[in-house]
Structure formats: structure tokens, C-alpha cells
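The same chain A turns up in both complexes below, where it pairs with chain B and then with chain C.
Entry: the complex of A and B
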């Protein structure tokens, strides 16, 4: 019984085949759609999944001071991550957790959280890990080799920023966050060039973050960041910071800030804003009292708010971000404008009766009863407000404003640091259109408007620099990774504000302010310091003052400008009493360091020191002859001088003590340092010599009524006989400056 | 009888007279069909190796060739089995028609009580050395049973006789002759029940695609077996209603299947990565473009396409070989089906015709479904690509079936040389 397939079946088979063909066509259509129509879209999506782009961080550029001392440097460190998808069992997990917590000090809860994300292949545990710690971790991983910990825990290269001098120049340098981005200061301003260009490794990765094969790998090398040479001079910066820290202690001020500028270029040689912070631990509150107060706060929100306030306060570079009323320091600007415009000359006189009527208001001079008859120089020396009101009124508001603008008070100084205060017309200063007689008058003696310290020093520097307004800067040069200079900053002259002649006239007036006026505490024998003091009450805070001093030296050939501001000193608050002595002390150190030759006037020579003669290898009698001007103390019974204190060449006063040792191995003789403060020059000298010491006089000794206020070796400490103790003098008479 | 005699004479003319054996098949097998099978199998093996080595490396303890080696062994054994089966007179398979159905039902029940090979899926029976899916046996069992039964009862299927069973007579009597149960309807019911039971058991395995495939094969068998045309209008209408119903109410299905339908309808659906498989499959196909990235160069097989050696192997094929070659491979399958149909239509009897056509349609349907899934034209149901996807027992089963077709071809009136 053969039952061959029927025709009917063939028909059916054809239908079925057709049906199947339709199904295949449908599939091919979908295939066409996926591979051709949407092919590009899917391919891109696939690539986004597959390609893993690993960044090779570029070494951040090094920051140097002008002497090529390293201020900030990046060093190799390590980054530890985990690959949670590789965890095989609980035992392994526990080993990973305990290892990471004990070796890296990581928080256990957060490590567990990260490890629980088993669908991911990468979770960062810690960055900036030191090599020692990394080695310890590696040893731990090797120790537990049998549990294959190294499949879960990975270590990648990372970098860490080091600041060798901790808090030194902290507000200028700034610091970096954990992603190596600059926060504040030069680190922020120059973040782009410091950062360099990160390299990239583009690898095709499989869904479990394992590499597919090297065929898909492309590497772009990292370009290291550019190095920066600052204009900051380590030594000057150190002096400045030391003075400001000392001023904080001495005056009990809230803040103390100062700027030292190179006159010709506008380069910043030193700049500080105390209190500052440790760059290596920027998030630690540096001020102990504040830190303790915040630690005691119980409310968490309050605490974190206070903490961040305190941190922002310590990071703030007040020399450029804060504004203050410049007070009498501003009179130098008004004098410059008036002399340049010819509305006054050095012979212009004024009689101060203790006040002046301005519109409906009687503006008193700071000195009750007035300064009487005075010429222009005396007016500046006395810091006479009514005199300067009349000068301002003579200038007229248009001219006044022209110079206000020209000296740079309506614009940012343009310094290459972040967060410079922005002057706003009608807010920080009087807009020309809104300026009436009252505003003009008060502005003329430096009140009712605000400037930043950097604006003020730039303006004063203009007087020092023959009338040229400079743009201040802190980065002197950029270096490539081999240390070659790739870009050198050229100083920018913004404009000629006043003529050279006017500038030197005002400089001469300012020198008088320091030699015999309110700035006399900034006087240094041998160096002609020009300056102006200022005191201003802080707006809105009763009894809070900013005492300031701005000036330059030497007056006849200015090299450095300086601005010192003591914010809210306790007790004495006048610029002449508080800021000027600091400026004087500082200028002396800086000028000596810069090898500026002192030029003593006859009058000064009598009071200055002699130089200790070299007595070594002389017989005792020879030595006595050679040191006839001095008080020789022979120690020991030998007949030849083996050593001497003070050393040959050291400055000391005639009649001072020289201790000479004649015996091999003799112990240095010591004595107790006496109190040398609150004395006149001769009293201090006597007290020192009696105790077997010498004094060196520093500060203002130009006027008769000076008193010592500080000694370099503290009272009651043991010191070698013959040691030179620097004693600082200042005047407390006629230094008020309104 | 006459034809066989002619053929025997012809054979005798060429070769030495051969004693007619009852068991061994005589005549030449169909070379084009054999070549198609071997070509697809070879391409499949190469692509399996390419697609699976990363997955194997990660999942089989660093042995990149794990899947390939095993598949290769099964392929060799399978090809030997295929030649052996092709030499067997296919008439003997009639003996297994009923036992095969019973065995597949037995195994389908057993598998439900065995520990699952994959969590939640009672699809595989683990025999230690390898695992196999009873549904693979069920597919062949349905084909075999239908072919045998439809051949034997052809007249009853197409005829207009009334059903002689007591039940039918009782129905007629009770309805006063108004309801007449025809034999053709009774046959339809029989096949319907057997197919439904088998498909139902497969559905209990959590195997939606297997269920659909069994239904489809059953419908094809009934269609080829010349069940009256009007019933297919009803079946087609029922299928449309079912599909529409499930698409609008996917939550009625088992959770995994329902979610996949939702994920198919909503291309941005993304809980627990329900579309992850499909999306990565599409990304692979898109990456291949017209000409492909070159053999071995797929990136998506690096653990993006899940189990690239399995249901989604065709995505890797498209990525590496490109659209044109992938379409070429599809064409090979179409040719395989067409050749199988030709073998069937020229077979010496209806049983052989139904057997050969049922088998090649099964392959064709499965291929079409797989491609539709891989290209997101149908919901992701978990269906393998014949000859390509990894699965030793499944490949052996396929090659066994190819052997059956070849056995049929020995008696087909085809142009052979």
C-alpha cells in the first residue's frame, strides 16, 4: 500500500513554506534594521559600554619661591580601590574589610557599603596613600594569597601634594582637594597650568571590568604640569610672617596682614594674612581657641556651620579679599593729586583750628584744639583732617574722582590670585554722580569708602615708583618639567598716574612723616623710610579699629613698598603706635637682607654701633690695646686670645662688652639677661653692659623721647657674656594720626 | 511496489546485486541536503568557538575552548549517528511513534521533580556527564507520532465518515441525530489533545518558547497531514486572540515570561536588566554593520552578550560576519528547509513525507524564532539556534533527525548521481 504524497499535501507544503519564508523575511528585516538602519546608534552604545577610559594623572607642577625653594610639590602616592564583583565568599570579604580598615584606617561601614555593590567593578577606597602604607597593604594581600585578595583589592598610582613649610605663605599658595584641584591661592588661580594634561589609557573592557586584549588599548601620555616660580622671597616672607604673628600676640588683634612689594615691578615679595593655616592639613582649624570652642558645640548643624565658617576665615587672604577704610594713609593720594594738579604746592599753608564746617556738619580734627599753622608737609606729618578737607574741596569732585580712578581704586588690582574684592560704585566707594560736598570732604581724609590692602599698597607704590601704577603679581615665571623657563612675567605698567616730580615731592613729604611725624616709629637709622600711618574705625563695630602703615624705602631710591594692617588691636589702636614700629623693624631686616647699603647721617653716626674688632690670636695685652674703645672681659689665664664674643665684625656700641677666652676648652661664661624694656637708649645700654652684654639699637631713636619696647633675648634667660641683644625703641609721643 | 522494483533494478545495474534487507535502507542519500547540513554545522562550530571563548574563560576555570571541545565531540558523535540513522529503513521508526510520545511525557513529568539545573528552571535532566532537555525529545515525538498516525488514518482525516466510536454514537443518539461527530473531527481532537498535553507539560517547565514551538510543530503537522482547511482558520483565530491577550496581560504568564513580553514592548523597560540581554544583542548586531568586524573580533561577546554560546550566538555571528554573511547563513537554513520539503514531497510514502517535512519545518521554525528574538522582533523567550547554539544533546538530537531525513531521501525520487 504505497501512499505517495498527494497533490493536496504538496499544496499544503507550499503554503507552509511560504509562511515560513514570511517569518524568515520578518527576521531578516529586523536584522537589517538592527545592523544597518540603527547600526550606528547601537555601535556607539556598544562602544560606550566596552571602552574604559582610565586617566593617568599628570604630575602637578611644583611651586617655588624666587630663590627656587620648593613651596609645593607633588609626590607619588597610591590609590586603593576594590572590585566588588570579584568577591567569591564571605571569608574573603571579611579579610578584605579587616585589611583595609586596619592598614588604611578606612571607615568599616563605608568599606562594607562599597563592597556590597557587587554589580560594580570599581569602588575607590582611599587616595593619596603613602608608599609605606601601600607596601603594608601589599604584604597583607600576599599573606592571604590563598584567598585571592588581590583580585578584589587593587592599587593604582596616585599623587599627593606636599607643602614642605606647612603654614608658610599658605594664603598665597593655596592647597588642593582630593581630586588634585587647586583650592585658593596660586594653586587655584593657576590650576589649569599646574594640572598639566592627564594621559589616558583607552581599553576595551568586558562586562566584568577585565581587559579584553591589548589590541584594543591606546595610550596617551600624561603631560606634567607647569612649575611656577613665585615672586615671593622666602626670607622676606618669613620676616613678614614672623612680624605679623608677633603682632598678633603683642596687640591681641583679630587679624594682622601685610604686603611687601617690589617697587619697580609690582611683584609681591611677601604677603600674609594671619591667622592662617597648615597647608598639609587645611581642614584643621589652626586657631586653638576657635577649635576648642567649636569642639564644644553640641548641635551638629551648628557645629558644621561654625566649622566651615572657621575654615573659610582661615583660608581667606585678607590682603586681597577684605576691604577697609584706608584712613589717613589715603592722604598721600590726595596730596599727590593736589600737587599734580597744582592746586597746592609745598608752600601752601593752612591754619587748623580743630575743625571745619562741611555743609551742615562740623568736622572735627582728630587733635582737639587743632594743629595751628602748618604747611603742606606738616599737614601730612600731623595728618591734619581739616587741611586735607580743604585740599579735597579745592580739587573738586571731578578731579578728585579722576585721581581716585587713576590710582586704581575703582578697579581690581589685577593680581594673579583668586577672590580679589571687587570695588562697586555706590557701595565700596562714592560714585562721581552721587558725590556731594560731604562725601568729597570725608573721602579726602580717607573715610566713608573702602579699599582692599592690595589696592592701597599698589597706590602707595605708585608714589614710590615715580608715578607709575603697576599691576601686582605673584608668579614670576613658568617652568617646564625640566625646569626651563617657558614664560617669564613682564611687569605691567597700568598707567602713569602722576609725574615723576610730584611723586618724588610726595615721597619727600612721606619721609618727613617717618622721620619726625606720626610715622616716626618706622624710622630706621641709615635707611630713609617714607610712609604714612592710618587709623580707621571699622564700620559698624564700635571701638574696633584697623591700624595701618603704608610706605616704602629708601625714600630717595625706593626699592620696596610695604603695607602693614593690624585688624582690631586691643588697647593702643593708632597706626603710628601699633603698625609703624612693626613696619620699621621689618623694613630694617628686609633692607639688610636685600643688601641695601645704609646711609647714615652725621647725627645718626654718634648713636650707632661700632664694629667688634678681631682679637683672636692676639696676646692679651695686644687685645687690650686693640679693644680700647670697648669693655674687655678676659676669661681664663692663658696669654693668647682663642675666641671672642661677640664675633669680629658684629655691630655693637662703643664701650660695649667683649668677652675673650684664653684657655683651651674653657666653658663659655654666661650671665642672666636683664630687663631692657621701657628704658631710654642710655638706660638700656647701661643695664646691658652692667650685666656683661651689648645692645644693638633698632627702631626709632631719632627723637629724644623714645623708649625701648622689645628685646631680642628675653629677660631672665641665660646668655653668653658679650652677646649682642637687639633692643627696639619707639616713640609714644605725637604718633597719633586720626 | 512497482517503483521500488524499478529502483532496485537501477541500483542493480550499477552495483553488484544486493540482498534486500528489511532493516537497512537502500538507495542513495540526498547529497545537497547532506552538504547543507555539514556546511551549517561547520560554520556553527567555528562561530561557537569564536563566540564562547571569553565566556568559557571566565566561567569554566580559564578553559577558553571548553564549550567548543564539548560541542565538537557531540558533533562528531552526532554525525556518525546521522549516517547510521540514514542507513536505517525509516519505516522502523513507526514502531517508536507511541513509545516516543509516552517517553517524552514521562520525562517531562520527571523533570519537574528533579532539582533544577538553573535556579527556577526545571528544563534539564542532569545525567552527570551532560544534561538534556526532554522537550527536545518531545518535539521529535510529536513529529513522529503525527507522521505515523496521519499516514495510517489518512482516509479518516480527509474523509466524510462518521466516527464509529461508541461515544460518538451516544452523542448522536442523545442529540437526536443533530450532532454528528465526524471521523475527521475526532482525529483533529486526538492530535489536539496530544499536542496540548505535550505543550502543557513543557509550559510547566517554565519554558514558554518550547511551548510555542511544540504548538507550532503540531499545527504544521496537522496542516501537512491535510486536516480540513477550515479548522486552521479557527486555529489561526485562536492563536491571534491568545497572542493579543498575552501581550495586553503579560502579568498572567509566569513572571519571567511576562516580564520579557513587557520588556519587548517597552524598549526602555529596565528592572533588573530585563532588556540587558536584548540590548546587548542589538549592540552586537549594530557593531557588525554590513560587513562585520571580522571573525573573532566581536567585542560584545566579552561578557556583554549573555551566554554568547547559547541563545544569542547569532548576535555574535552578525557582529563578526556582518549583515550580508548573516543573511547568507539564514539563506542556508531556508535552503535546508526547502530541500527537506522536496525530499518529503518526493518520498516513497506519506509517512516519510510527513516525517521529513516535520523535521525540517521544526528546524526552520526554531531558526526563525531565534533570529526574531535576537533582533528584538519577538520577546526574548530563550530559544536556541539549531546547529549553532551550544548544547550537546540538542545537537545530537538534531543530527539524529537529519539522519532520519536522509534515510527518507534514500527512497525519494530525486535527481541523484
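Entry: the complex of A and C
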């Protein structure tokens, strides 16, 4: 028979059971606490412990010009940092400093300052380091591996933005900062689409915090940024920048800026604001004079402030951010409004006696004594202020303001660039309710209010394209990473401001301004140019002017409109004398590039004169007969002509020099180019021929009194005899405006 | 008390039993070896996959570096052949001048409308008689 458990055994069993129950309850409680109460917290800790999360930066979108030339592109680079907390001794410190300074070109004091922060574990030394520099640094660290430099110096992946053409279109493109965010221009305006979306790689970590196999890895691919195709044409932009840079040198101006626009679409083909900066080194002050002045400042705070001011000044896109008084260029708007409303027509006349009484003030015309009797076209050609004051008063302030608004002067143009100046009623222009007779009168000839260059060219462009106000834009299309177009900009017609008939009439008047008016220095043989000059005094700065020219070509079938502004030229400051010649040269280059065929009139053909005949393979006597109209220089003792300068077909003046070579390998005869500036056509031709050269006439030769102001081959240059030197002429007679 | 009398085995039976046991053992060993081999192969393939993935990652990283170098060099090349440099070189080193507008001859290829017939056919101008005939045919609806 089995024995029954004793009482003692039962008691012990009960205690054991109780103990087990308590332990079990404790276990359940701990489990509850770990999984429910602190579950989220422990899950995160576990993830941090078990998973590694690495960001894959997205490739920033590329920026192209309209011909798909790359203007901005990103590539991988490296970031060098130091961990000051890992420095063990002085020798190691010195090796680190020496390596970083010699290889990276880092500033020694700056490096030492960062390494002195031993409580920190990360101090950036340099970003955007290229691969060859990184490799050199790595080699240095390996060379001194006994000193464990790689525990102090670290290298991380980074990206670098390349701008292959330095300062080309700098104010349009903008640049990126160290965080790869856009600063200014298209880089800033389209930062979101250019940036793309970063990816991630999530990997499991083992007990030693190393990554486990790829089987435990999840990758979320980065989405590269969208590429942008600009409306900017590389060649037109280059011509514009070249013209503005040269203008600054020739006129001593403080700033020079220009815009070229497609008449039909409002697309910006070129836009520049000089002086500008190198996109690859945006924080280097490009103006040497300013840089030297700032370097000489001793006070650190003052120096820092001046440096910031200088940098912001060079980053500024004055064509959209600055405002100025448009001056006489605005008369084209007033003429358009008046013709559209029917308050004047082409036969409307006015007699300018040199001034006009406006309320309590006598407003003088810029021409002492006045222009006399003139019709509307002559009024615009002469840029007569009293005439336009009268027109403005006939319009009345409500109608005037209606067209002021319709032409877009009370709102931003809407161009897709940042920092466009915002017109403010009462500040940049006269509010309708505050506009009295004085304000109306002064506004009628383009003074006492401010507009931005982009607003002005958009308004002039309206006249060129049949009265439609277009919205300007710089981005033509967006591309995906494969180069496929994902979005194309459609030109936007904001509104029909004036009728086609009125636009055509005003365009005809503007053509007269260039052919015989104040804009005659913008005249180009073979092309019909329409335009208007402007001269405005800068508010608050005595003796400071802005000389401007706005126009379009060809006048009978406009393709491009243009605005040039020279800010504070030294000496001559009229739009006709300063801005018009620049505009004329620029238009000629652009129209030739666009393959717009010149249509020469008879008087233009006669002034272009003869063409060099072909003399190759002729005997010397035959060549003399064929070139009887010219001055033939025979070089060499051979019988036959082997080569000639200028080449056959090249235009030159009758009586010019043709050099012919009759021996193989004969040295080209050269001569020193004389000064051909400040001369009449005949004087320049004589001087050139006497020196053994020919001239080609460019610029304004339409007016009676013209003087040369520029020559294509500089004075005192050695050049081959017979070479053709292009000499530019302009008139200083009757080119002033108000 | 003996319940079951153990049957006496013969030598042959014992040998057969031993052989069967050995065969069983060999079978088990073979299966174990197969399983071991499969396990080793699996391990090896996983290791190899990891190794290849690491190589691919390294190659991708190197590719990214080389692509970056390619961009940098292309940008340097573009900078060297910028319009400004090309113009300066052409003017100063090669003594070239820019083409002027008057040096370009424009040729109009549009021409007037024309009719081209195949073979030796020619276009015969309509005589008055033909014109009248065609007109009457048209009016009659033929």
C-alpha cells in the first residue's frame, strides 16, 4: 500500500507552489511591462542596435541652355572632417595640421582652432574635395599610419556642383551652398525639383556593429533631381555678356545690364548684369578694386559687413531686382496708349518752344529753344518732353493709369527667377488717387516713377508682337534623369494691351527713331531696327544717369527685342550716345547668328562699296588690270599670284589695298595698325590705306556727321598688309533725349 | 518463468543480420553525407552571394567615383572650349576674323511651283479647242 504524503510534505509543496505562482506572476508582469508598457521604447532601441540606416543622396538635376550645352552639373566629391577628441599627442596634431594644410590648402589657423575643440567628435575641414585630392590625403594618412592619423581625419562622401563656364549667365543660373541648396537664380527658384528625393539603405547589424549580409538589406533608391533646359541661347548670351563687359570698360560705368527676349514667346534668350561673379567661387569678390579696398579694412566687423555687401551686390540680378526711371523709352508706351484711345493720330502736331507750364512749374524740354513744329513721329524721334506732357494730359490720369497697368507696370512680370522687384503704389509709381497734374505730366515722359528692366522690355516687346503682353520665362523644359522631356513651358499671353494696328503704327515710329531720330546710332545697314533711347537721372545721386535703349528687330517682322542699360557712365551719358551704339552692334551680331538675311537698300549698297576681285593664278600684269580700282601691292619676284589679302569676295572700299604674293613661302608683309578713332569715314579710310590696310564701315553711316569710335584691330597691333579693319561709326549730333 | 524461447540463430543468419546492419549504417551515413554536402553548398552559395554583393557594391561605389571624375573632366573640357576661349584663340593665335554679315550669300531654294512628269511626257498647253471641249464635258457632267 502506497504511503500518503505527510502534512509536512504538503506544507512544503504548498510553499513551493506559492513561490512558483509568485515567480510566474512576476514573469507575466515583467513581460507585460516590457512588451506593452515599454514596448515601443525597447523596439526603437533594438532597431537602433540592430539596424543601420544610411542615406543615399540624390543626384541634383543638370541645367542646360537651349542648345543642350551643360551649364551646371553635379558629381560626387568628398568631405574631409576631423575628430578632435581622438588626438593623442602633439606630434600627431602637427602631422594632421601639416597634411590638411598642404594637401587641401586649408587655412592653418582655422584647422588649429577646430582641432583645439577636443570635446567635440566632428569638425568639418573642407567639402567638395575632388578625388585626386582625396587620394593624396589618403596616401598621406597611410604613410603615417603608425601615428594613427586615420582615427583623427575622416573622409565622407559629398557632392560638388560644377559650372563649366565660370561667370557665364551667373545671375540667371545662381549657385548652391554647402548643403546643396540653391542660392539665387534658377538654382534657388527650382530648388525643389532640382534636388530630387534621397534614398535609404537599411542594413541589419551584427553584435560587433558590423553590417550583416545583403540578405538583410533593404534599399530605397534615390530619385535624381529633374533637369532644366533654359531658354538662354549660349551664343546670344555670350554676345550680350561680351557687349556689357566691353561697355563697362569703354564708358567707365558702375553697372551694365541687358536683356534679349524672343518677341513671340517672351522667352529670355539672354540676360546679364555686370559686374557678376564666378559661379565656381561665388564667395570671391570679382571686382579687384572692391576686393583690395575690403582687404585694407582693419576692423573685423566692418570688414565682414563690407564683404557681405560686396557679395550681395555681385550676386544681384539687376535686370529684375533693381528699378530705375525709364526716361524717354516710356514715351513708346504713352504713344501706344494715345493712339489706341484715339486722342492723337500720326498727323497730330505740336509746337515745342523749349518748355511747357505744368501747374506751378515750368517744365523745360531737354533741347533749349525747343524742337519747333513737329508731328507725332517727329515728337518721338526728337524725344520731345513738352509734346508728351501734352499727350499725357489729353489722355487724362484714369486712361493713362489704365494703360500703365495694362502694360504690366503695377505688377511683377512673373518671370521664374527669385527676388523680382515688387511695384508698390505710392512708392515706385504714383497711385491713381494721388496722381495730380504734375505727376501725370512727369510720368508722361518717363520720370518720377520706377520700373524694373524686365518690366520695360516686356512692355516694349508688347509693341513688337502685335500688342500682346507676354509673360517672360527662363526655363523652357524639365527633363527626367534619362533626358526625356517631362514638362514643357507654354508661352503665356497675359492680355492684349493694344491692337495690332496701333502696335504696327508705333513700331513704324520707333523705326524712324533709329533711322533718323535720337536712336540713329543703333542703325545697322541691311536691317530695320525699331527702338527708343532713354536718359534718366538717378534719384538722390546728383550727376548720375542711366543711359538706355530698348527696341526690336527686324522692325517689319520682329524676332528679338532688346534692352540695354548703362548705369552711371562717365562722361557722355545720353541713351543715344552711349546705349544705342552698343545695342546696334549687339543686334547685328545676333541677327547674323540667327541667319536673318540683311536687305540692303541702294544707298546702303553704295556705302558698302567694292568687293575684292579674285587674282589667284593671274599673272602680275593681269592682276594689275583686274585690280585697277585698288591699290595693288606685289610681294615677291614670281610671275603668278599665289595668294592675296584680303581674300576674293571680301568687301572693301574702292582704292583700298590688296596685297598679292607671288612666291611660295614668302613671308607675309605686316604693318602697324594706326589709330582710326575719332575720324570721319574718309579720314579713317585714308589713314588705313596709307598704312597698308582696308576698312569696313559698321554702325551708323546713315547720318551726315559721324565719327569713328572703335576699330576691330587695335591700334599699334602688327597685322598683315591688306587686312580689313572694321571701323565703327556713330553720331553725336541730335542723339540727346530727356 | 520463460515466456518466449529465443530462437537460435544460425551463422548465416547472424552474418546476414550483420550485413543488413552494415547496409543500414552505410545508408544513414550516405544520407548524412548528402545532407552535409547540401548544407555546405547552401552555406557556400550564401557566402558567395554575400561576397559578390560586396564586390558589386564596391564596383558601384567605384563607378560613382569614376562618373564623378568623368563629370569633372568633362566640365574642365567644356571650360577649355568655351566660346570666349575659342574666340580668343582664333583671333590671337590663328589670326582669324569673325564672318561678317555681308560675307554670307543667301540662296533662295524655294523657287516657283513646277510640274514634273515621268517618262518622256511633256506638258502640252491647252488649245482653245481643247479648252472648249473640256468645258462642255464638264457642263454635261461627263
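Basically, the second predicted complex is superposed on the first by the 558 of 738 C-alpha atoms of A that agree within 3 Å, B and C clash if a C-alpha of one lies under 4 Å from a C-alpha of the other, contacts with A are read in each partner's own complex, and residues count from 1 in each chain.
To be clear about the criterion, contacts are C-beta pairs under 8 Å (C-beta built on N, C-alpha and C of every residue); 3 or more make two chains touch, one makes a residue touch a chain.
Values in this document were obtained by computation on a predicted structure and should not be read as measured data.
Participant: Under the stated touch criterion, which partner chain does A:650 make contact with: chain B (first), chain C (second), both, or neither?
Facilitator: Second partner only.
Participant: Based on the superposed arrangement, let me know which partner A:18 touches: chain B (first), chain C (second), both, or neither?
Facilitator: Neither partner.
Participant: Just checking: does A:485 make contact with chain B only, chain C only, both, or neither of them? Give me first, second, both or neither.
Facilitator: A:485 contacts neither chain B nor chain C.
Participant: Of the two partner chains, chain B (first) and chain C (second), which one does A:9 touch, if any: first, second, both, or neither?
Facilitator: After superposition on chain A, A:9 lies in contact with chain B alone.
Participant: Who does A:131 touch here: chain B (first), chain C (second), both, or neither?
Facilitator: After superposition on chain A, A:131 lies in contact with chain C alone.
Participant: After lining up the shared chain so the two structures overlap, which partner does A:162 touch, if you call chain B first and chain C second: first, second, both or neither?
Facilitator: Once the two structures are laid over each other on A, A:162 reaches chain C alone.
Participant: Is A:592 contacted by the first partner chain B, the second partner chain C, both or neither?
Facilitator: second
Participant: Indicate the residue numbers of chain A shared between its chain B interface and its chain C interface, in ascending order.
Facilitator: None.
Participant: In their shared complex, at which residues does chain A touch chain B?
Facilitator: Residues of chain A touching chain B: 2-6, 8-10, 12-13, 15-17, 20-21, 23-24, 26-36, 38-43, 45-47, 49-50, 204-208, 210, 212, 216.
Participant: Would you pull the chain A residues touching chain C in the complex into a rising list?
Facilitator: 69-70, 73-77, 130-131, 160, 162-166, 168, 213-215, 234-235, 238, 242, 526, 588, 591-592, 595, 597-598, 608, 649-651, 696, 712, 720, 724, 726
Participant: So in the complex, which bits of chain B are touching chain A?
Facilitator: For chain B paired with chain A, touching residues are 1, 3, 54, 58, 151, 154, 158, 220, 223-224, 226, 279-280, 282-290, 299-300, 302-304, 318, 322-323, 326-327, 330, 333-334, 337-338, 341, 344-351, 353, 357, 361, 364-365, 367-369, 371-372, 375-377.
Participant: Per the contact definition, I'd like the list of chain C residues that touch chain A in the complex.
Facilitator: Result: residues 46, 49-50, 53-54, 57, 64-65, 67-72, 74-76, 78-79, 82-84, 95, 97, 99-104, 106 of chain C touch chain A.
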